[in-house]
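Below are two complexes that have subunit A in common, paired first with subunit B and then with subunit C.
Entry: the complex of A and B
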């Protein structure tokens, strides 16, 4: 039993090492900066997927509203970059909205350290407060999912309605990156720097997640998933554990969002919609929930499918293809891509070779 | 043993995924010797797909016609379609894919302001060229975008002027809650108040709101004599249906809409919209020789039941204007084409009349037409400007706008 656990981990470590290696050298091999930008976005999605996997795959809480935290991180970063590039002037949508001074709550975003703190603090505090009330009221299962959806919807409406503060449904556009402009061959060095920093963050998030789930803490999360009452009656304060992992997940999603803006050059409220939040769940489900590596693989796999399928003649039907992949995964391969290689394929080989031995 | 097999398998699979993801990286050759490639970037899936399909069809029709006519500078036009999936970030990703990875320098695309704003800096950074075919809220001009739809002074401002001339005094502003209605209403308020008339109310509905009972009650209380409608999409259907359920017609409350074209009339119902006013630069009924040909070609290509509309016509013009600019420049290079455009000499004898690209702000000078919906589902012109109206995206030539502080952004 113990041996299997170690072996499983080894598999994912090797797998992650291969991914990291490929990613690390990819910007040197790929000539087009747009492809590198895209891979960078995929890394950000992977970070969000890991965040979601921690609370869904491990703790059994399906959040259908992680877009809100992704966007909070994204808006914080975008506003810092926008203000930096504007050189002290307020943004165009604030001028259109009739403002002449920077609103007080955006003031901290003029400085990089404060913006960085806000990227972590704002989603962290929000998730902590939401978690405190939600988990104290013993809201779980589908009701938890519904509440997360409702909160995302509320935040979405709030961002749309206050266009002079948030840019409405245009969001914050024309954003460069922490390291300056990253587009085109002339700015390749900036892009490389940004890419590798993001890769480093992805590695750190992966290590952190692995560290947590392989400790007693991780066992407790799984225990909460598989039998919350039993865990509770064993003397563990389930609520605190759930709240901690929910808050951590929110912060990781925000970090993913903040990095995403650097590559994407804009952030809009559509990243905060329920449908986008559900897309994030699909990444985790297809990759393999309950495995950190599965989240990473899923995020890359689904986004690459989207990127390559949604042009030319397939453009009209690509969403059906993604839908079919998702449905097939749910019905036949509940462990996702990782599950296929970890359990279903070995079982098949075993059965096959067993037969041969008999013959 | 098995351990190694499995991790090997996983690794192989991942590598394959990567390879699949990166295919096409090497192919950045934009055009072979006898073709030139352009990009078509529109939403083919998602909530905007219905609207953008008409624009996409018009662009393909123009490309087909030009190809049959011998192409541009002797080269056949090839196009590559990308799906923006009604999401601004996807538009950004796809725009970058087109202009960088696929090496395409000219793209026709976008509909919503949010998608245009998301791709604007990409076209500027890669020095590529975007033709944007939809009327919008103005307050923008990028040297890498040609705006072939109307600026506010070619749609909104003349419509309000017309209403003021007709003696309307109480205006009620109703719109969907996003940037176009909010900016449009900011302009309208300044204009109406400068003329000494009243804005009786201003209401915004959520993008997918279907219940307008509260808003209709507010309209009844405010007693306006005209409703300025900037609702978009499904909101229009619900609003007009609920107005007609209360037996209100254009006699009770006249409306002036900026987002209702022929396609929308078909969805809402001509009987409901009968007599209401709209403002555009082009209608299917516009009486020019070119338009007869355009409507006939459009219907022949896509079916008798299809209608042409202002955005579709502007998209059709965009392709021809690009052709004219390339021919003037005798080159497909963006810097040469932009130089030709900036000369201010690029014009096209369009279905709406002659349109010319303003070299300064890269918008079109185009005629403005106020129309009225009739019970056959078509829109008929009731007023038009004598000559094409020069584009003024920042409204700098209007005293009341300058006074109200509507000015170019720093």
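Entry: the complex of A and C
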């Protein structure tokens, strides 16, 4: 039993190594910068997917509000980049909104270290506080999903309403990246640097997630998922575990968002909506919940499909396809892509070969 | 004084809209425990049905509009039954999965609406008899608002009568309370499930007819209501019609009162935060059906 467990983990490590290797060399082989940028975004999505997998796949809490944390990280990064690009002057939308000075809460974002701290701290503290109250009142299951959904809606409204501080519907646009301009072939070296740094972060997040889930801590998360009360009565402080995972997941999502801005060049409140948050869940569900590698595979798979299908003549049917993929996955393939290869395919082969033996 | 009455009327009107959109959810989520994320899309279908009926019948819209209510109910009822038979029935006992699968359905329905009607919103002509208002002592009560309040009362009474005064309602409650025992008593629980889900969807369709009166109809019209309808049901306490009514009134009136001092978007955020804080103290909503089971959902 134990042997197979290690063997299965080995499979996902190998799979991840192959993905990393392909990603590492891909920008050298691909000439189009937009394609490289797209792959970079996919890596950011993977980070978010891993974050979501930790709390949904392992701990069984479906958050429909990870868009908030993704956006908080993204906005923090975009605020720093905007100020750096502007030379510390106030932005267009602030001028339109009637502000003459930089708002106080924008001030810390003039320095990179403070912005970095904000990327971790703001979502972390927010998630910690939300988690503390939500878990304390024992809101779980679908109620947790509904509450996080409502929080997302509230946060989205606030970002839209305070347009002179946040840029409203347009968000913060036209920012460069941490390593300078990445647009066009002339700036490819900047893009390469950014790409590899992001890849490094993805590896670190993967290792961290694997480190957490492959020890007693991970087993406890699964125990909470499968029988919260039993775990509680066994003497574990379930709420603290849940809150820790929720906060960690929020921070990882924020890191994903912060890196995403570098590739995307803008951040808008539309990445904070409920539908975007559920899109993130789709990545995890299709890739395979409860396996870290599944989250990575799902994020890449869905986004690559979208990239290839949502432009051109197939754009109309893209949403049909994603809807059908999602429904079929949920109903028939709960394990997602990883589940197909790990359990359903071997079972099929076994049954098939078994029949042949009988014949 | 007139300001106060106007505010109260607006609050009542908004509450009635929230109640109407949440009523179907109170049946599917409250009674059956199915999280139907496509509920908003059933509202959208109802709204488009109003538009289609008006296009086909023509005229000044009064007859067409009144006719569109049963049409919308029937169509969404049938769609709900089909959805239950094909998808939901496979997902009983897996609440989170039913939430996600119905989200997939909602994506498909939204795209279908865009393919058929275009991404631009369409407008439903308010029927002539709803265009003016009733003025009493300087306060104008718009007829379409009064109509919606009337419609929600009719729906509420109908659902209550169906649930509490008919044999079908008794079977329905029996199935939802204790499925195994109900089956032993010879109740066809699959049929009950199907019709109950259809009923919830049908009510969403009726809500769509009233939503069509309030603004233009596009493929995302249902999304604006979905968060509020879930919050209404959770706030009132799952499985309790009276709770849903009071939940809708709390949300509707508090929105109107906060909007008097703040912009609509900030009001929305404040109201949602108030509800979330409220749920701290009453995590299961206002009216709780008590049970001794530990792992109740």
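The working rule: the second predicted complex is superposed on the first by the 359 of 359 C-alpha atoms of A that agree within 3 Å, B and C clash if a C-alpha of one lies under 4 Å from a C-alpha of the other, contacts with A are read in each partner's own complex, and residues count from 1 in each chain.
Going forward, contacts are C-beta pairs under 8 Å (C-beta built on N, C-alpha and C of every residue); 3 or more make two chains touch, one makes a residue touch a chain.
All figures in this text were calculated on a predicted structure; none of them were measured in a lab.
In the superposed model, A:143 lies in contact with subunit C only, and not with subunit B. In the superposed model, A:181 lies in contact with subunit B only, and not with subunit C.
By the touch criterion defined above, A:171 reaches subunit B but does not reach subunit C.
Looking at the shared chain after the overlay, A:344 reaches neither subunit B nor subunit C. In the superposition on chain A, contact of A:319 is made with both subunit B and subunit C.
Using the contact criterion defined above for the overlaid structures, shared-chain residue A:271 touches subunit B, although it does not reach subunit C.
In the superposed model, A:157 lies in contact with both subunit B and subunit C. Contact with neither subunit B nor subunit C is seen for A:239 once the two complexes are overlaid on the shared chain.
Set side by side, subunit B and subunit C differ in how many residues of subunit A they touch, and the one touching more is B.
Put simply, subunit A uses residues 157, 160-161, 316, 319 to touch subunit B in one complex and subunit C in the other. Residue ranges of subunit A in contact with subunit B, taken from their complex: 7, 10-11, 14-15, 18-19, 22, 26, 30-35, 37-39, 41, 89, 92-93, 95-96, 98, 157, 160-161, 163, 168-171, 173-175, 181, 183-184, 264-268, 270-271, 276, 297, 300-301, 304, 307-308, 310-312, 315-316, 318-319, 337-338, 341-342, 345-346, 349. For subunit A in complex with subunit C, the residues that touch the partner chain are 62, 133, 136-139, 141-143, 145-147, 149-151, 153-155, 157-158, 160-161, 229, 274-275, 278, 281-282, 285, 316-317, 319-320, 322-327, 330-331, 334. Note for the complex: subunit C touches subunit A at residues 35, 87, 90-91, 95-97, 99-101, 103-108, 110-112, 115, 223, 227, 230-231, 234, 263, 265-266, 268-269, 272-273, 275-276, 279-281, 283, 294-295, 297.
Residues of subunit B that touch subunit A in their complex: 2-3, 5-7, 9-11, 13-15, 17-18, 20-26, 28, 44-45, 80-83, 85, 87-90, 92-94, 96-97, 99-101, 112-114, 117-118, 120-122, 125-126, 139, 177-179, 182-183, 186, 204, 206-207, 405, 409-410.
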